[in-house]
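Once you scroll down, you'll see the structures, which are given as structure tokens.
First chain A sits with chain B, and in the next complex the same chain sits with chain C.
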Partner chain A sequence: MAAKNLLEIENLHTWFELKKYGFVTVGNVRAVDNVSFTIEKGEAISLVGESGCGKSSLAKTILGLYNPREGHINFAGTVLDSSDEEQMDWYRAKVGYVQQDPYGALPPFMTLKKILEEPMKINGIKDSEERIQRIKETMEELKLTPVDDFLSKFPHMLSGGQQQRTVIARALVLDPDLLIADEPVSMLDASVRIEILELLQKIQHERDLSVMYITHDLSTVRYFSKRIMVMYGGKIVERSPVGDLLDNPAHPYSIALLHAISEPDAENVDTYKEVPSGEPPSLLNPPEGCRFHPRCKYKIDGLCDEEIPPDFGCGMEGHQVACWLYRQEGEGIPDDS
Partner chain B sequence: MRFFKRRLNELKQYPSAIVGIILISIFILTSIITVINIPYDEAIRLWRGGRVWEKTPANARPVWVDWFTSDDKSRTLNIDSTEKEGMQIVEDLNGLQRFEIELPFDYQFDGFPKEINIFMESEFVNNSPSASITWITPDGREFQSREFSVGQSRNFRFERDDNVRRAFPDQIVRQGLFGIPDQEQQVNKGEYKILISGYTFNEEDIVEAEAVLYGEVHGIAGTDHRRRELIVSLLWGIPIALMFGVLAAIGATVSTFIVAAIGVWYGGKVDSLVQRLTEINLVIPLLPILVMVGMFFSRSLWVILVVVILKGVFSSAVKTYRAMFLQARNADFIEAAEAYGASNIRVIFFYLIPKIIPTLVPTFITAIPVYVFLEASLAMLGLGDPVLPTWGKMMNDALNQGALYMGHFYWVLQPAVLLMLTGLSFAMTGYALDRIFNPRLRRL
Partner chain C sequence: MEERKYLDIEDIELFFSTSEGTVRAVDKVSFGLPRGESMVVVGESGCGKSSLGNAILRLLPRNTEKYEGHVFLNSEDLMSLSDEKFRHDIRWNRLALVPQAAMNSLNPVIKVQDQVAEPLLVHDMVDNKEQAKDRVVKSFRRVGVPTDFLQRYPFELSGGMKQRVSIAMSLVTEPDIVILDEPTSALDMLTQANIMNVLKRIKEELGISFILITHDIGTSSEIADRAAVMYAGQIVEYTDARNFFGDPLHPYSIKLMSSVPRLDVDKDLDYIPGQPPSLLNLPEGCYFAERCHKRFEKCSQEPPLFEVEDDWHVKCWLYK
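Coming up: the complex of A and B.
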């Protein structure tokens, strides 16, 4: 089990304290609230959700940029301890990070050679010839050719697609086991998106890489992930194989999300897109019970607005949903005592 | 580096920057030549003054003043017997030798010399040679001094000699010697001759003489009340001013920059500490502190430099830089660097600071003259380094001697012009750099 799962996340909480006068805590922003999931070696999963639902906070907690308040991250059989610098250095070299805005992600004052060398310098690859060799291999893999032409260029001399490929190259140059791609194509032209996604897919297969693909755009998840998780208000509300979710969404929020996909189809002219009313929940004072209940039209009074729903199985194997609508008889409801 | 090269190439579009850079280059080149030709110890020795300067006039105007006046000002003339025929024995009187030294010179200036001195030296076996000096004018008049013993060295002045003084009862002696009789203030131009004649008491005795006619104008930059040639301090002022300005600017601006970056990066208590220190530092005035340090502690240039830098670390610029760093610290590429394991120090120096450094360059350049002026002001207030020849020290001397009241304008004018040129050159370069590095100011 431990050998199969590359990453195991258990009860992860990432809360940001809000302070007054510098020391009085007046509240917590619960960006990630009790999230557990696993990624197998070589597996690609997608994480979808609207803006502000905690997707990026989850990614950054996994990357070690934020310290979790509770819970732990188990990577390749090792439970991470954020105070153990040596262990974190080893871990950071094993996890690649691709950001949303390729231009912002590349230091504007460094050449591509320097940008791609940095992760290796920091992680102790001292031989400059070895560094160049690895840079060349990675760049060829990402079709940044001819390599020598690119090495001396600055990021602003590249096109958006080339910039994003450089970002991916930087993430891959240390040969990581896990790649976290935080909306890697949302800032790119539609024409370049497919190219980048196909490239990511190809690399994922060739390198047997685990990928966590974060997006708010359901139309791109089909490209390479097998499993999908839907996040809402800091919690994962539904997890499922991709096809099953896209065909049979279970959670009311997932249904709404799927409705919102715009397909370039002439028939859509007359269809009315139902969007759930209301706003995303405040993560500072999240609603009691199910976070979605204020916007949910299937709300069960006295249950959804009081008790947090556990995961229920539904439909296909591996399809789980945190919604009271799918409760089985006598399951999940805690005793009121 | 290429980034900076490209930016520097853009400088060519700004004529003011070209002028500024040329001026700065001239300053740097002159400093190098000065330091090579007049080494530090030599400069200190010259500036300490004393006998080194006995052959230059006091308070003489610079030579360039002569270019703007209608009459021909007198220059300094040195007539040295060792360069002429030297001592001639004219008669041998049985163990007693009569000698003569002739010092001829051609005097064609309109002005009288400021002073006349004849420096004499002799080497003798038993008794000191004796001599008397005869002044022969172009029209053949002769004035002879009393006979005196030369000794090992003697400084002869006609003003002090009774015989010569008696010849000009109601006239300044040197005007009498050079003037046309009955025509005061008119110089009798022509071939003069100073004839030194006397006796030596041994065949091997040697007498040497050098006549110095001190000019009204002397040297490129004139001289001060202690006969020092001002060119020494004008030239040596350049490396000192540049060094002080550059070191203080580096010390103050760069450290401020790093402090602001560290405060922003670590945030929280470190940031608060940096900010509170800055605010406290802002209400402490610099000049009184420097005056106190100068009065009670030390006036060494290095001490002043250290105080200026320490005072400059938490300057108001911390606030400006902080605003820039706060914007930069949230950049995606910094987050990425953290994700691949860059240490705090590496993030600060390799990611955060390079992002903002383009704005530091013009600030740094324009800060240099500020510190040059500061050093000059301190020296002018009498708190400058007492040993070093600097522009501020020169102006302090000039003030103390009432130079402007006495008409020695060159004494103040020359260092002031150099100070202005320094300020101008760095300002012109700095503002052009500011336009290049700050895109918002750039002309379309």
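Coming up: the complex of A and C.
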């Protein structure tokens, strides 16, 4: 029987060793620290967090670009073993990656035809007619039309939106089961962003593709995914259905993130925003206990600064938050503030 | 004659010559900004908004082909000043700039304190280094950089702190107007909100005018009193912020506004099909016509900037 979950991540740790003189280990950057989650077949989930919170490291670990220090990645019923080259080749062909900066991700000296052909050549599709056929289908899906005009173009001849669509086409040309999109629209103009997101969404539905959408912009997630995870300091601090998180954020960090968003409104001129003081923690030497406690105004002394909070349920089904405020059912953020 | 605003830009043009022809980056732009008010210039990338900032400050690249028009500051025509006088009396003295990617424009091998003090020393605004340091400390306090950062190098600071240092550098001479070119676009949400709070406080306390150049409409609403929308080198709408954020008129402004994702409403988002025209080769008539959902016959001619209501200018035939 086919498993319902396409991807299962269990207790994943990605640490980078920091070395002195080239061999003495002086510490570890805990980019991903005990992360577990699942993605179902055909599901889109969002991962939100600020720069340096470990979200790209998590993506790259899932892609097999970094080796986890601990934990398992279970893909379509197979537990991945990073030392098994043959298995990793099979896996990499099943997972597509959309990079953040389209211009940096495309080789400037290759035409679109070569760029899109390369993944198929590497993965042993020898028939050049089949390759061209698949390129054409994918380009049409991404509205890079007329296809023949685009095939001979170089990346610098395209606009930002077209470049990003090329990156997506390259990720899709092998017909993957999972797509990891790392800030796919953050470098683009607002007017193009929505176009790309809508296109991604359409493809996700049509291909029944699982997508992990990584972003720092909470305002776009509603348009894309059903579930959302918020990451802070290498850990996932809150997971929830999208609507529930946007309407009733539970973790003090998620609340701060939502407050920080400016919606276009002339009234904004008259009010100041409430922003937690301080900066995200260093992952080399993260604070004891909850990683957010030094910036949190609801900190409980003797608890938040000592013990790492587990996931507590709150509100709707599937809404979990790693915060001590929710340790008893029915409790949460104190009202008086 | 109509009374001049504190900063009054009249028909300013900035063209660049390239091997492929003339790039009309700023094409007869006019607007007025009263003292102490702030404005935002929004538009897609490549619409000439950064060039407008540079044109006001007379920061011209070598391939400038045409630089004409008038910039009046407190009724004084800055265009009649010599380059040397402009550099000494105006730039950084009364008009300052926080450039795009300001956090990467700091010199990596000079301590931030010395970099921020530089405009003071260059413009002979202080007698000695002690005085300069006092002013730097004052400026750092204003933007919320701890004073023990004075002795640090830029690489020792986070992105948000570097951006604050750049803003401190623009404020140290106490100019009347500061042009901010995409001040928050590379920063995280929380840092962005912090920087906007800082700017808001400075605006209130010191009465400095900001000209905010950005593509982020949401963030810009935090400090804008007035809004200008730029498209293909021209201003297509210029009005009070309340008008613009409430109910913009130009079809481009409407589309731009509806492409901003919102948290609270579950409305369908819109985007603008196509791409802005190349500034090398502009179409006949209205530059936006090709992408416009309200195009009609008249649009094959270039519309003037109509005054729809008092202080509400729209460059579109619909509002004739």
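One rule holds in what follows: the second predicted complex is superposed on the first by the 326 of 337 C-alpha atoms of A that agree within 3 Å, B and C clash if a C-alpha of one lies under 4 Å from a C-alpha of the other, contacts with A are read in each partner's own complex, and residues count from 1 in each chain.
In this section, a contact is a pair of C-beta atoms (placed from the backbone, for glycine too) under 8 Å apart; a residue touches a chain by one contact, two chains touch by 3 or more.
All figures in this text were calculated on a predicted structure; none of them were measured in a lab.
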| item | value |
| --- | --- |
| Joint occupancy of chain A by chain B and chain C, clash or fit | fit |
| Touched partner set for A:218, first chain B, second chain C, both or neither | second |
| Touching partner for A:143 - first (chain B), second (chain C), both, neither | neither |
| First, second, both or neither for A:226, with chain B first and chain C second | neither |
| Inter-centroid angle chain B-chain A-chain C after superposition on A [Cα, multiple of 10°] | 80 |
| First, second, both or neither for A:104, with chain B first and chain C second | first |
| Which superposed partner A:63 touches (first chain B, second chain C, both, neither) | first |
| Which superposed partner A:194 touches (first chain B, second chain C, both, neither) | second |
| More chain A residues in contact - chain B or chain C | C |
| Touched partner set for A:205, first chain B, second chain C, both or neither | neither |
| Minimum C-alpha separation between chain B and chain C after superposing on chain A, in Å | 9 |
| Contact residues of chain A, present in both the chain B and the chain C interface | none |
| Chain A residues touching chain C - in the complex, by the definition given at the top | 50-51, 159-161, 189-195, 198, 216-220, 222-223, 246, 256-266, 268-269, 272-273, 275-276, 279 |
| Residues of chain B that touch chain A when the two form their complex | 2-3, 272, 331-333, 335-343, 346, 350-351, 354-355, 357 |
| List of chain C residues in touch with chain A within their complex | 44-45, 158-160, 188-194, 196-197, 200-201, 215-225, 241-242, 244-246, 255-257, 259-264, 266, 269-273, 275 |
| Complex contacts: residues of chain A adjacent to chain B | 22, 60, 63-65, 88-89, 92-93, 95, 97, 99-101, 104-111, 118-119, 122-123, 154, 167, 170, 174 |
